Amino acid sequence: MNLLQTRALSRHFGGLQAVRDVDFTLPRGQIRALIGPNGAGKTTFVSMLCGRIGASSGQVFFEGRDITALPAHKRIRLGMAYTFQITSVFADLSVFENVALAVQARLERGQASGGLTGEVMAALERVGLAGRAEQRADALAYGHQRLLEIAMGLGQRPKLLILDEPTQGLSDGEIEAFIALIRGLAGQGDEQTTVLLIEHNIPVVMALAERISVLNFGAIIAEGSPDEIHANGEVQAAYLGGAP
Amino acid sequence: MEFGPHLILAMLEGLVQASVLTLTALGLSLVFGVMRVVNVAHGEFFMLGAVLAWWITQALGGPAALGFAVALIGAPLLVGLIAAGADWLVLRRIDYDPERTIVATIGLLYIIQQVVLMTYGPEARPVTPPFNQRLAIPWFEWANGGLELYFPWGLSTTSYKLFVIAAALGIGLALWAVMARTRLGLILRATQADSETAQAFGVPVERVYALVFGIGAALAALGAVLVVPIQQAHYLMGGDPLLLSFIVVIIGGLGSLRGTVLAAILIGMSDGIISVFFSPTLAKILATLLVAMVLVYRPQGLFGKVRA
Amino acid sequence: MKRIFLLHIGLIVLLFFAQFVLPTYHQGVMARIMVMAVFAMGYNLMFGYTGLLSLGHAMFFAAGMYGCGLAIKLAGAGVVVALGAGLASAAILALVVGLLALRTIGVGFMIVTLMFAQTLYLVILYFGTYTRGDEGFALAADSRILAGIDLTQPTARYFAAWVLFSGVLLGILALVRSRRGRVMVAIRENEERARMLGYDIWRHKLVVVILSGTISGAAGATYALLFGYVGASFAQVPYSIFPLLWVLLGGPGTVLGPFIGTLFMFYLVDISSGLTDAWMLVVGVTLVLLTLFLPKGLLGSLRARGVKWLV
């Protein structure tokens, strides 16, 4: 069963075609990585999925339903979560309050069982920030802020977790923990989370992804298992600067 | 007076108002275009120009034309310097943050206005125009089987008013020439387009901002000096020009000088014409609502660019 | 948590007992301050807590004032009905303004609110036959009696102002500490992030505008009742600047800030107008100094230095 699907999704900015005619399918429970050189259109594509920006043409489907015209906050409520490429937390608020805001939205919709504090601390524990709950978000080191972003994503208990370059700025140990965390998410039975990961860190991609999509100049040039992509000449050329 | 001549008179008066408004609004537009800040004290710089013109002409005495000529150069210069100083002391230190700038310029508004009240006083005082010949304007009527020219009583203008229109035209063209053709204009346009890149290219952005803020204020003051022989100088005279300039700049499109000029002519003329035939309050209500609606539904105005 | 509660209750109790201690002149001033502080608290909801800078809040104050005053003058309504009319006027205006103005952001929002306020002022002038325009009108003393209490009497007037002030203060305290309050702050801090957590930003903002406008309208209606005067000057630009000034001075985004700011400015202006006609100069200088050196206001700066119980 496909959780997410796009059909001929495109986006242009003035004369620049950032994303062109992308057909994308994401089955439930999969960990998918989206890779590609800088400027390939990854963030633009993913922003169209979660509704941050609108599509110039094409369609987006979530759980079989056409959500192309749906505003961002409604898509989030359907079960998507998005962590920003450039860390975007609530600087003046504490770590706890940041995650509380993520959890609270769900609580209001009656979609959570545990209490607010319980849910928040659970999310913080999973990223290892439980000890810093009272610290102000902007007092955290950059790497910890990224972990906070992930905690906020977890706090939403989404069906689809979209992570935009989550390991950027993390130390090796934190990256290991991150990999374990994501693996744990995907294999959680009923609460299976589908993960879409934009990443530049190839070892992370290889360790986590069940399937990889490669984007270049706004179009998908390859899709397959990690080994297949690894061996794909076109992908290597794209990264090393050969002709598209 | 019949309708035709009445309309001509209204249009002439409107053209005079539009000329002054064009200069004032250009000042506001320049500041917003280059610095991206809203200067709520703009009307007070206008008023300051008028009051300083009065002072200069009083202090100099002698023939009206001489005093006026000195005021025409001196008042805008002084106002420009004051404005540049205000920018250097205050606006620069708050980093041109949009909210804080609005608050700071509101404060500046009251400071300037009240200082003038304390020194110049609450009275309105006239300034003698340098020349003021009455010029009758002919109109047509059917007579003796054909069109004939005659001079309707009351349909006249003055040589000074025509001068105002010509002066505004000249200054507007000069401004355009500077912006489009000189190095200074290039620097200003570059700073407007991308201040960070301009800075990376060695443009002293902070000094440019002070200069622009000064020029913006000087333009308003210039408009005021031109109009003060027709109106009088009064400490509260900045309110209407501020509101009208806002209206012009928004309708014309924030940051578009061309749009500002066109909108100023449109609004200056229509304000004059509508006020002649309808209640001025109603005209103002319509104008104010129009601005609000333009901002709500077409924020880039008529000629502004949509910010991506 | 307890300290926060005690602090706010403490102020309310202090103000209650002050009426017995203050000389008559200051009783009147304090009554005025409390009503204006409510106006400022309404403004603070939008500006301090949600980050929406309106330059037209005088229109909500005036809507409440005229709704109440005209109900009494033209329809002979009783105090309660008139108050209701004032509140309703302000609320409806806030709804309409919110629906339109929230389509703009930043500078556009400021100018649109300014324009709407200016429009209301001009409309009041235009219908001068009913509103008496700039001159305004007085409300007869016998129309300002609520359940046998004559609101024109200094003590009753002070008490009425105190009731309004306390009610609004506690209401706002509850609001900002609630979940909705947390969302308001989130919108102010990082709107895009809040949107991407699933919050309907537009709806939250609209609710804030309506609440803010209604509270400001309550202040206007109460002012008309307690001080017996309705005038177009309250719809003009200075009365949109004052709440901004009071909130900025006291501390935007704090519950007590608006009151502190209003109190401070009232007495500052009181003293200055004794010295010169140009007392608005003090307003101007204060604004410039505030935005230069104390952008967080008095209480806001205290809170930033770690005094946590100033919410």
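The first chain written gets the first letter, and so on, giving A, B and C; residue counts start at 1 in each chain.
Just so we're on the same page, a contact is a pair of C-beta atoms (placed from the backbone, for glycine too) under 8 Å apart; a residue touches a chain by one contact, two chains touch by 3 or more.
This structure is a prediction, so every number in the text was calculated from the model and none was measured.
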Most centrally placed chain - per-chain CA mean versus overall CA mean: C
Quick check for the class: compute each chain's Cα centroid; which one is farthest from the centroid of subunit A? B
Chain pair whose interface holds the most contacting C-beta pairs: B-C
In whole angstrom, how far does the Cα centroid of subunit A sit from the Cα centroid of subunit B? 52
Where the CA atoms of subunit A average out and where those of subunit C average out, how many Å apart are those spots? 44
Rounded to the nearest whole Å, what is the centre-to-centre distance of subunit B and subunit C, using the mean of the C-alpha atoms as each centre? 34
Of subunit B, residues touching subunit C in the complex: 38, 90, 93-94, 98-100, 102-104, 106-115, 117-118, 122, 243, 246, 250, 279, 281-282, 284-285, 288-289, 291-293, 295-297, 299
If you look only at subunit C, which of its residues touch subunit A in the complex? 179, 182-183, 185-186, 189-190, 192-201
Spell out the part of subunit A that touches subunit C in their complex, as residue ranges. 50, 52, 72-74, 76-77, 82, 84, 88-93, 97, 100-102, 104-106, 108, 152, 156
Quick one: which bits of subunit C touch subunit B in the complex? Just the residue numbers, please. 53, 55, 100-101, 103-104, 106-108, 110-112, 115-116, 118-119, 122-123, 125-126, 241, 244, 248, 276-281, 283-292, 295
